[in-house]
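Questions regarding the structure given below will be posed in turn.
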Amino acid sequence: MNKFHEQLLHQHQHLWNAILNHPFLKKTAEGNIEDKTFKTWMRQDYIFVREAIPFMAVLLAKAPVAMRSMFIQIITGLEKELELFRKNAEAHGVNLETMEAAPTCHAYIQFLMNVAYNNSFEEGFTVLYTAEKAYLDSWMAVKENLKGESPWQQFIDNWTSEAFQQYVDWLAATLDELAEGKPEQDLTKMEQLFKLTARYEYLFWEMADKAEEWAV
Amino acid sequence: MNKFHEQLLHQHQHLWNAILNHPFLKKTAEGNIEDKTFKTWMRQDYIFVREAIPFMAVLLAKAPVAMRSMFIQIITGLEKELELFRKNAEAHGVNLETMEAAPTCHAYIQFLMNVAYNNSFEEGFTVLYTAEKAYLDSWMAVKENLKGESPWQQFIDNWTSEAFQQYVDWLAATLDELAEGKPEQDLTKMEQLFKLTARYEYLFWEMADKAEEWAV
Amino acid sequence: MNKFHEQLLHQHQHLWNAILNHPFLKKTAEGNIEDKTFKTWMRQDYIFVREAIPFMAVLLAKAPVAMRSMFIQIITGLEKELELFRKNAEAHGVNLETMEAAPTCHAYIQFLMNVAYNNSFEEGFTVLYTAEKAYLDSWMAVKENLKGESPWQQFIDNWTSEAFQQYVDWLAATLDELAEGKPEQDLTKMEQLFKLTARYEYLFWEMADKAEEWAV
Amino acid sequence: MNKFHEQLLHQHQHLWNAILNHPFLKKTAEGNIEDKTFKTWMRQDYIFVREAIPFMAVLLAKAPVAMRSMFIQIITGLEKELELFRKNAEAHGVNLETMEAAPTCHAYIQFLMNVAYNNSFEEGFTVLYTAEKAYLDSWMAVKENLKGESPWQQFIDNWTSEAFQQYVDWLAATLDELAEGKPEQDLTKMEQLFKLTARYEYLFWEMADKAEEWAV
């Protein structure tokens, strides 16, 4: 039988394909994404990565003792990722600090935090896996279809690196362990959170591509 | 000097007016809102009211001892409100239970929960005040402009009732007390949450009016 | 095979017997408990019941939708229980409001809240079941051994009433359902919380009996 | 006027003196503490430091953006402190992993977690300051009265180091900033948490000195 994380990906492959085929990623790979569009993403994703730290922190608080060191490493990794954004922002003349979260970015962060606080650790972990797996697969899709060097190469390299792949492998293996032996209703709750996270991931590219703003 | 809740409303009157003048409310008042549109709202707002219970519960957990009874009353009131939805749904042939939260409804709920868990009680209370005040003023606007009896009269009556007005008055007075003497930076955090809540309120009407759905 | 709640009681019957045979309960049944001692308990348990409301509120926030009404009823029931304390306090000349929580009472409340926030709903529910079951059995033990009418009869009646028994039956049945199909490691976590709760229950009687105070 | 952290220490100097003059610390300084007693502390404090990580993690989740890096450093520091325990445990033939938290250690941890989750960031921060300040002052008192090299020198050195002093200075200065301009009732809540934390600190030495165990 398939592993739990494989079941999730299989069950929602329609969603997953929609993410990986999003115009934002295609244009980034083909090298014809507008500077303005990519910069919008950069500014929003900077906020998202920054606000992923409190999310990870609540997961750390609920994590089994043996997993805590790993979460501390992940949080430290997010701090380094913020550095990557700041370096690239400077290089491309982007101001990261004046941006407010667009509706989808804001909503996605609220979702992460609510799940971390209100749900079980296993459920929170499912969201974490889904979000990181979506990053890995999305940027892998970009890398594979890449026409020449990209001005945004460092982002592509970051989420397709050996280290990031190994991290996502660990997340998948750990998710499988957490799911092991769980009754159907627990797995269903995890599956629903996988679906919601994937939906937010899709909307995040959409937000960047359409330069989404608050209606009022 | 103005009371704190008045300052908030004044500072964001542009946002507030946008809410009160939303086409959804205008059409409801004029009696030309499509059945389908109103029913979409009904199904989404049923979910929203239902999920407001956990939000209130976390606020109750953090509330000063003297305020707990009031929160228990509020939660009991939400249960009665759900009854109102079920009764009207039956009368109008609407199925409430098969609906999933649309993106804006989902996002707004995540926001409520995150604020309740992650922020101070005062900040959570600000969101509560804003949401209830928006309901009161929105339905008051409908009532004032109402052309004849509405098929949705019970909803209009519910959020314009004497009891609901007194409840919102209590929220306003309590918010003013909670804000009293607070340093500027605390008030700013509360004000930003007022703004965000008002934005979500606007988007909620928008969601109903446009029959918003998940993109994937 | 035994039901999960029966397994817990069986596995920790040594602890459970220690609770039911505590001198505080024996003296209360025999009618020779010192007024001062019982009043100490009354003042501490008033605080405990009061602070059980935030505990229940966080559980309500995490509860499955179908269980929410039950939690709202429980919370409403705690409010009535506080009324019982206030009535009896007045009748016996006890001042409830000037008391601070003794160390064990304080610790037990912190434990409830931490579990409610940090653990899964199932784990929080286990603590709830254990605490209420300990109350039922403790006061049942008093009732069965009662020599004549007690000056504290209303407390005995409260936690041995038909309604309270049915409530604890519901808790037991629900706990069994929540445990159903869970893997061993999940059940072990629940069992450890049962044990800790029972230990705190024992210490609570101890605290009242010894008039425990803060060392400094 | 005195700074807020000075006011707290002054207002509760009776409590603070009780901590600093606890027999456990005196005997450690004089070199006549029983090995068994010190090892009991070591095993309990290992648990306490380990469980301080989830406490810090929830504070990190609620911390202002500008303070997050500092909290990540603190958490990393706690991991190093656990290493210090493990090294000393090995050197002194102490088994850290088989120990369960004694009642006071358990209670203190529950208190940290409840405050982190249920209270405002400022209130949680007050508890953090108090606990760390108590460690600094306690071990400083040991160091100042030390008769010759101690077998437990590495613990003494750890919490009297330049780095640890600077960290506690930062906590004090940050607490003062957080308290600045707050209304009296907010400061009172912080002061009550200072008092409770100091009481738990005192009881922690007491627990180690008396080899406290669960009654049942």
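Order of writing sets the labels: A, B, C and D. Residues in every chain begin at 1.
The rule is short, and it goes like this: contacts are C-beta pairs under 8 Å (C-beta built on N, C-alpha and C of every residue); 3 or more make two chains touch, one makes a residue touch a chain.
In this text, all values refer to a predicted model and were calculated from it rather than measured experimentally.
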Where chain B and chain D overlap in contact partners, by chain label: A, C
Pair sharing more residue contacts (C-beta pairs) when A-D is set against A-C: A-D
Chain copies touching (chain C, chain D) - same or different residues, decided at half shared: same
Most widely separated chain from chain D, with each centre as the mean of CA atoms: B
Rounded Å distance, chain A centre to chain D centre (Cα mean): 37
Rounded Å distance between chain C and chain D, as computed from the means of their C-alpha atoms: 31
Chain centre separation (chain A, chain C; CA means) in Å: 43
Residues of chain B engaged with two or more neighbouring chains: 54, 61-62, 113, 117-118
Contact graph of the chains (line, ring, star, complete, other): complete
Of all residues in chain C, those that touch chain A in their complex: 61-62, 117-122, 180-184, 186
Complex contacts: residues of chain A adjacent to chain B: 14-15, 18-19, 54, 103, 106-107, 109-111, 113-114, 117-118, 196, 198-199, 202-203, 206, 214-216
Residue ranges of chain B touching chain C (in the complex, touch as defined): 50, 53-55, 57-58, 60-62, 65, 68-69, 71-72, 75-76, 79, 113, 116
